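Below are two complexes that have chain A in common, paired first with chain B and then with chain C.
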Partner chain A sequence: MKLYLKYASVILRSLMQYKASFVMSTIGQFLVSFTAFLGVYFMFSRFHSVSGFSYCEVLLCFSVLLTSFSLAECFVRGFDTFSVIISNGEFDRIMVRPRNEILQVLASRIEFSRIGRLLQALLMFAYALPSSEVVWSFDKILTLFFMIIGGFGVFSGLFVIYASLCFFTIEGLEFLNIFTDGGREFGRYPFSVYGEGVLKFFTYIVPLALFQYYPFLYLTGRTDRVIYMLLPLIGLLFIVPCLLFWRIGVRHYKSTGS
Partner chain B sequence: MREYLSFFKIRFSIGLQYRAAAWAGMATQFAWGGMTILLFRAFYQSSQNALPMTMSELSSYIWLQQAFLALYMVWYFDNDIFGSIMSGNIAYELCRPIDIYAMWFTKNMAVRISRAVLRCLPILVFAAFLPAPYNISLPISPAAGLLFIISMILGLLVVVAFSMIIYVSAFYTISPIGIRILATSVLEFFTGAIIPLPFFPQSLQTLMYLLPFASMQSTPFMIYNGYISGERIASAISLQIIWLIILLALGKTLMVRALRKVVVQGG
Partner chain C sequence: MIELRNINKTFKIAKRNAGFREAVKVFFHREYTYVNALNDVSFTINDGEMVGYIGPNGAGKSSTIKIMSGILTPDSGECLINGRTPWKDRVNHVREIGVVFGQRSQLWWDVPVADSFELLKDIYKVDSQVFKKNLDELKELLDLAQIIRTPARQLSLGQRMRCEIAAALLHSPRTLFLDEPTIGLDAVSKIAVRSFIKKINSERKTTVILTTHDMQDIEALTERILLIGKGRILLDGTLSDLQKWSFMGASAEEMVAAVYKEFKI
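Let's turn to the complex of A and B:
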C-alpha cells in the first residue's frame, strides 16, 4: 500500500509538470460525459418518463454508474491499457521485480484526469439526490454506498479480464468494450428498460445489473426486499473469477521477446 | 493525380489488413446498435405523443450509423500526421513535390473507406433480417437511394475537410490534445451521433441543421429513411456543398499560412 502511494505521488508529480495538458484533458473528460448528460436531458424534455422511471431517478442511476466507472478507470486503468505493457515487453521487467505484479500493473497508470468525469457525476448527484423522492434514511445511504463500491468492483473485474485476455492474444480485444464502455453508455438507464433478455444477461453473465438495477429498486422504494440492497456486495464477488483468470494468464505468459 | 491515387491505394490496402479488428468492431457495433434501438423502443413505449421520427425511420438511421461508423467518426485522427508535425518529420514530407493538403486528405479518406468497406455489409445484411420496425428498410424510393449515395460522399468529404482543419491547427498549438478532445466530445454530439438531431429541442433545431455538423452523417441518413424528402433534399445537399467549399477553403488557407512560417522543431 505504501509502495502504491509512492507510485501515485510520482505519477501525480510528473502530471503536474504539464499542468495545461492535465487541465485540458480533465475538462475534456468532463465534456465527454456532459454530452452524455445532455443526451439524457434532451430525451426527457420530450418524453418525461421511460418504463416508469422519472428523469431524476434516471439521473441518480446515471450518477452512481458514472462515479463507479470513473473510479475504476482512474485506478485500474493500468489493466485497461495492458496490451501495451505486454507488447512492448514491459511485463518481463515487472515479472523480475520482487513485488506483486498486480500491484505493479495497477500502479503503472493512474488516470487523474478522470476527476473530470467524477466531477460530472458529483454534480448530477447534487442535483438528483434532493430532487428525487427518496427518503434518505440510513439504509438508503448504505445502499448507495454499496452500489458505488459494487460498481467499482465489477468494472475493475472487467478491466482485469480484458488484460488477462491479452496474455493469449497479445492485442487488446475491442469487443470487450461492449461491457465496459457499453456498460457506461447504456447503464445510464436502469437495465430493465432494455427488456427481459438484456436484464438477465447483465444479471447472470456480466453482473452490471447487480449494482445498478436491483439495489436501485430498493433505493427508490419499488421493493422492500433487503436482499436487493445487498446484491452489489455479491456483485463484488465477480472480481474473484477475474483474478483467477488473471492467474491462469500469468502462468500462460510467454514473452513477446521484444 | 496519379500519386494521390497510389497514396489512396496504399492506405486502403493497409486498412484492409486488420480483419480481426474488423470482426471485433462489427460485434461491438452490432451490440451497440441493438442496445440503442432497445433504449429508444422503451422511450417509444412509454409515451405515444411527441414522436419526432417513426420507429422504422429511427431504426434505419441507427443501423446506417453503425454500419458506416468508420466513415463519419469525428474522433478519428491519423496520429502519424500529428506525430510528424510534433517530431519535425514533416520536413521530409515538405520536400516532396506534392501538395501536402491533398496528400493528407486522400490518406484520411482511404483509412475511413477501407474500415467502412470491411464492416458495413455484414452489419447491413444482419440488420435487414431483424423483425419489422427494428430492422433497416430499403430507401423510400430509388431516387432517394441515389441522392443518399451522393449525400453520403459529400458528408464524408465534409468530415475529412473538417478534420484537416484540426490537423492544421496542430501547427499553431504544437500540442493538439485540447482541440482534439473538444472535437471528440462536443462535435460528436452535434453530428447527431449520440441522439439523432430531430430529438433535439425545437429551439435548437434550426441552428443544428445549419451548422456543418449536420452535413456530416445526419443529412445522408435522413435522406435514406425519408425524414428529409422533397424539396428539403435539394436544400440539404446544397448546404453540404456550401460547407464543403468553406471548410476546404479554410483548411487550405490555414495550411498555406502555417507552412509559410513553419518552424521545424529539432532535427
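Let's turn to the complex of A and C:
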C-alpha cells in the first residue's frame, strides 16, 4: 500500500509536467459522462417512467454504476492499457522487480484524469439521493455501499480478463469493451428494462446485474428479500476466476523481441 | 552460482506470404512454424565470474537472459540461480539480481532520475543506510552528480545508460545481467561503462553476464565466452579458443565472423 502511494506520487509529479493536458482531459471526462446524464434527462422529459422505474430511481441506479465504474477506472485502468505495457516491453521490467505483478501494473497507470468522471457521479448522487423516495435506514445505506463495492469488483475483474487476453493475442480485444464501457452505458437503467434474456446474461455470465439490478430492487423497496441486498458481495467472487485467468496468462507470457 | 540444464524453449510463429489474398486466407486457416529459440542449453557460471554471451541476432541470447531473470518460462529443463528456480520463485529471485536491457529504460520518463531511484528503493525495500551508501558510491563511480536532477527523457543516451546501470545496482544484487549495455554509445561512454562494470565485478564480486555485439566489450571485460547460435551453445571457452577458427593476428571481430561462418549461423 505504501508502495502504491509512492507510485501515485511519481505519477502525479509526471502529470504536473503536463498541466494543461491534465486539466483538459479531466474536463473532457466530466463532459463525456455529462452527455450520458443529459440522455437520461431528455428521455424522462418525454416519458415519465421506464418499465415502472421513475426518473429519480433511474438516476440513482445510474449514479451507483457510474461511481463504481469510475472508481474501477481510476485505480484498475492499468489493465485497460495493458496491451501497450506488453508491446513496449514494460512488462519485462515489471517481471524483474520483486513485487507482485498485479500491484505494479495497477500502480504504474493510475488515471487521475478519471476524477472528472467520478466528480460527475458524485454530483448525480448528490442530486438523486435526496430526491429519490428511498427511506435511508441503516440497511439501505449498507446496500448502497455494497452496490458500489460490488460494482468496483466486477468492473475490475472485467479489466483483468481484458488484460489477460493480451498474453495470448498481444493486442487487446476491443469487443470486451461491450462489457466494460458497454456495461456502463447499459447500466444507466436497471437491467430488467432490456428484457429477460439480457437480465439472465448479466446475472449468470457477466454478473453486472448482481450489484445493479437485484440490490436496487431492495433499495427501492420492491422486494424485502435480504439476499438481494447481499448479492453484490457474491458478485465480488467474480474476481477470483479473473485472477486465475491472469496467472495462466503470465505463464504464457512470450515477451517481445528486442 | 548459475546452473542451466537442458533448457528448451520454442516459439510458435504465424506465417503467411505477402499480399492481400494471403492475408484473407490466413484469417481462416493459419499456418504456424515452430522456432527452437533454445535447444538443450546447459552451462554453469560460478559466483564472481564475468561471462560474455555472444552470438548473432536471433540466436537466443535475449531468451536465455529472460529465462534467467524470471520473465519467460521455458518449455523444459532446469535452471537454478542461487538455489532458486527463477519462474517458480520470481519475487525472491529477482531481489538478488539486477537487469539492464540496453534498449529499454527502467527509469520513469518524466521525473528526475533521483525520484526514480527513490521509487526503486521502495520497490526493492532497500535499507536507507545501504541505499545511501550505494547511491553515493554509484554517483561517484558513474559521475552522476550532475545529471541526477534531470528528468530521464532529457538525458543523452550515454547519460541514461549510466543511470540505468546505477538503477540496477541500488539493491546490491549478487548477479547482474547486462543485455547489450553499450549499444549506441559513443567511445567515451563505452569506455566509462566498461571500466565501471569491471570495477563492480572485481570489488563487489558481483557475477556479471553480458550479451553484446561489440567484440571490444568482450576483449576488455571477459575471460570466458559462451557462444550461442540457432539456440545451441556452440562454444564455452576463452577468447583464445576462438582464435583457432581464424588466421593469426585477426581482430576479435574477424575471429567471431570466422566462427559464425564455420558454424553456419
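For the reader, a short list of remarks on this structure follows.
Quick note on the criterion: the second predicted complex is superposed on the first by the 257 of 258 C-alpha atoms of A that agree within 3 Å, B and C clash if a C-alpha of one lies under 4 Å from a C-alpha of the other, contacts with A are read in each partner's own complex, and residues count from 1 in each chain.
FYI, contacts are C-beta pairs under 8 Å (C-beta built on N, C-alpha and C of every residue); 3 or more make two chains touch, one makes a residue touch a chain.
Note that the coordinates shown come from a computational prediction; the quantities given were computed from them, not determined experimentally.
Because the two structures share chain A, they can be overlaid on it, and in that overlay chain B and chain C fit beside each other without clashing.
Judged by the touch definition given at the top, the superposed model places A:V198 against chain B, while chain C stays out of reach. In the superposition on chain A, no contact is made by A:K19 with either chain B or chain C. Once chain A of one complex is fitted onto chain A of the other, the partner contacts of A:Y189 are limited to chain B, with no touch recorded for chain C. When both complexes are overlaid on chain A, the residue A:G89 reaches chain C alone and has no touch with chain B.
With chain A as the common frame, chain A serves as the apex of an angle whose CA-centre rays point to chain B and chain C; its value is 90 degrees, to a multiple of 10. Once the two complexes are overlaid on the shared chain, A:Y253 sits against chain C while remaining clear of chain B. Touch counts on chain A: comparing chain C and chain B, the chain ahead is B. Between chain B and chain C in the chain A overlay, the least Cα distance found is 8 Å.
Per the touch definition, chain A reaches chain C in the complex via residues 2-3, 6-7, 10, 13-14, 17, 89-90, 92-93, 95-100, 251, 253-255, 257-258. Those residues of chain B that touch chain A in the complex are listed here as 20-21, 24-25, 27-28, 31-32, 35, 38-39, 41-43, 45-47, 50, 52, 175, 177-178, 181-182, 184-186, 188-189, 194-195, 199-201. By the touch criterion stated above, chain A contacts chain B in their complex at residues 21, 24-25, 27-28, 31-32, 34-36, 38-39, 42-43, 45-52, 171, 173-175, 177-178, 182, 185-186, 189, 193-195, 198.
Residues 11, 62, 66, 69-73, 90-92, 94-95, 97, 99, 101, 103-104, 106, 108-111, 115-116, 118-119, 122-125, 151, 179 of chain C are the ones that touch chain A when the two sit in their complex.
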